[in-house]
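Two complexes are shown next, each including chain A; its partner changes from chain B in the first to chain C in the second.
Entry: the complex of A and B
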């Protein structure tokens, strides 16, 4: 269901409201309103009645006004009908909702109201809270703040088909970004719709908060996800991350996002079982929104500037939370310089994940050797200083390191030591494999990864001694470096 | 391609050398940057696993025969 939103301070409230006297807001569709219609007649000719759905209801009263446009109801902040209000000196001095004889008599200053009626009946929801009506009101109040070109979809066109045919999708159906949905999405941030968040490659197009919100709607995000999407778009659009190169390379990696901090919990993100898989809306749609921004704002489409030879399924979207509560280590974002307790995204180049099995090792040394063996295969077992990688340590592997007192830094250092490759093993032709480093290119052992080229995160379910290697792309200048950014409001 | 635009903007005649596999990427990016076409030399694919001598031969062949669009 769409989020209900608070409306901006609304239209001309004063219009026609009495400076002194009683006002009732009703709708015919409400049984309580119909029940108390005779009571309204008892309140005398000075009563002003606003009818939300039928100007002819209630019949026989002196001053029933048409509020089917709901302007007065919005201005008065009506939540329930009937609502009886008293004005004095031009301002509201009291109101009662639903029907409670005692409250009505006190507010009206009239005794003996509705004597044949029950003492109490709850009211009904104001029409301003009907979802479709609320959308109309929202668009009426704020639609003018949207700058995007409007697309009309014909009544006989299928919405999902129309959006696919216009090229807005990644191949899966998207949520139609109607003005109401985009406005609701924009409620998720305090940033102005027109603010340029980033210049998005490959076309170097300016992405406004509104454009990002549109793509977040397309992706299926809830409004509260928007600040995370905005931070991810900012991070992915930096020169350091080099999304242009990552997109244009024939290598299949793509941007992935790790979320840290309170926002991950607040959004119910998954850093536990199946964290890298399907089934969690925030994980699935935040990653997808970033990819749709690159596609729809940046112009990065497969077969055009996206040259991936094969790609991987995570190019639809790849986003997960780190399991900070279970982790023996400081959060990844903190290790990367973000202040503790701060929500942040880390965007990194990612292939599809590949598990590393070790169900036997009880010592950190043995387990580190297993993980190093898995990491050695990144790009090619005989290539060194080629591609970056991310290692996602699962809880049952994390336990082994935690019990031995290994910090994240210690694990990284041990892995770096284990991943010093001997030139004789990796030179071209060695092992009967032509691929490898050129002869004479190295005199001594060569590190598999550049310094900081291996990122270590912690996530996963409580059972299973299966960590995961996520290969990256060329690291450093000319390639892509992971980028962390705080999540704003 | 962005470099092409930047260099042309500085008045430096520029062209593009790329393997034939990337022709549609050139077209897409050229359109996005507001060009109907960009002067390009397309060398035959593959190139990644070619030796230096083979690459020189490809370059010579491209120089002599590849269509140049402007």
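Entry: the complex of A and C
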């Protein structure tokens, strides 16, 4: 297999591999290796044998070398034992795995090998693929690329308890960010571990790809989720999103993420039934990873800079995919300026979601009125231009708008019209409620939301005429605006 | 078991607050308005109380209470004042 020769890393200097001749890699634990031990003897004193688990195996050969450190096995890219390799002119010119008499005879140029043995026996997995060993090898090979401070958890400490005690968790158990796990997480991105992704509020600490990866491990992410987490951290750390203000305010909203594009499908994210709920690993852990970065890297902890009066359960993590396949509209990210077909995150300030029931409306006008009534309660039914909001339209409601030919823009415009509030209804004291706008502050109808203050997404299961309102926080320059970012590699 | 530190690794050194001053003679006083509603009312009153005791103050205003103080303003205050009184809440 010439391509294997091309891909195999250079053997380590000083390994003493012969420039010309045969090399075998074996382990005692492998029955096939034990079976073909007499064959190795037949190959003569020029054969170099590397033994992965026992330097005394096979006995009686001239040149058996200790590879219990697996350096040579890794350098040769050994997948299976036994592997017989031929070198010529200082490079590998051929190899065969397991025991196949014909292949061994051809590679060795020796006839009559192992005459008493079966023709064929498959080999065993190389020790380099043993999970524990593989971790060790990974750390040995690439651990030097990690810069984070190493903390030791004592043998008598329970690892989950130790991570709680050190304050790294959101109140739920986390996965211990061992160097091997972090290195595997980093394999999910092409970005360098030392690259600074963002300066994370509130402490304005530089978050490297490595720091984000450590928190992604804590959160329970798989490596392929990492690019989405990185994009979310970038988006949430912008001045426009203003994570500092969002965190520091006594209002309980927090960053939430909507994922669009091919990556949502590739990661198996949920934009369908229970999209905003539990049970999907990517949804749950990507949102959690962002929150843990804000907590651990940014220093945004409850009771410290996080001054929320009540908060909400989604502050553990709040992330879902838009149901692009089912949506009658262009993807949210595309509506926000991201190129079609591109994976992207949109980070926005979010309270907990609250459903709006309408099982009767079959016309877009009636349904829009229902949704507007639900949206009016954001912050307070008598407050206008206070907080932004997001409306997640469910499929059975989306169908009503689709059948009437309402675009996302049309729905937004109709809702804005329906949410012009009459001063008499919202002035302080009206309806027997002291809260409201000061008397004389408005001469005409007041829009509930600032322009672009209402974001509309599409998600949910196929049954149930229940869309959802997600209240936000103060919008505009002093508050928080949704931010979309492409997901990189 | 070795784990990697997920934090920004700021040194956990505890910083002691400066000793509270008992006299204001010769002390440079700053009043910081973080731009929350009615913070100015509180600070205006303090300024007149200080004036009554012969202490002049310098006034500072953050652009918005929702974002961290611009580094230049922080440096300006640190350079020009010995004590600062900040109006935090509305």
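Everything below uses one rule, namely that the second predicted complex is superposed on the first by the 476 of 489 C-alpha atoms of A that agree within 3 Å, B and C clash if a C-alpha of one lies under 4 Å from a C-alpha of the other, contacts with A are read in each partner's own complex, and residues count from 1 in each chain.
To be clear about the criterion, a contact is a pair of C-beta atoms (placed from the backbone, for glycine too) under 8 Å apart; a residue touches a chain by one contact, two chains touch by 3 or more.
Because the structure is a prediction, the values reported are computed rather than measured.
After superposition onto chain A, partners chain B and chain C are found to clash with each other.
Contact comparison for chain A: of chain B and chain C, C touches the greater number of residues.
When the two structures are aligned on the shared chain, A:150 is found in touch with chain C, with no touch to chain B. Once chain A of one complex is fitted onto chain A of the other, the partner contacts of A:471 are absent, as it touches neither chain B nor chain C.
Shared-chain residue A:58: touches no atom of chain B or chain C.
Residue contacts after overlaying the shared chain place A:305 against chain B, while chain C stays out of touching range. In the superposition on chain A, A:203 makes contact with both chain B and chain C.
Using the contact criterion defined above for the overlaid structures, shared-chain residue A:248 touches chain B and also reaches chain C.
Overlap of the chain B and chain C contact sets on chain A: residues 202-204, 248, 299. The touching residues of chain A, when paired with chain C in their complex, are 146, 148-153, 155, 159, 163, 168, 176-179, 182, 200-207, 210-211, 214-215, 218, 239, 242, 244-245, 248-249, 292, 296-299, 474, 478-479.
Per the touch definition, chain C reaches chain A in the complex via residues 1-10, 64, 66-68. Residue ranges on chain B touching chain A, taken from their complex, read 2, 21-22, 24-25, 27-29, 32-33.
Within the complex, the chain A residues that touch chain B are 202-204, 248, 299, 301, 303-305, 307.
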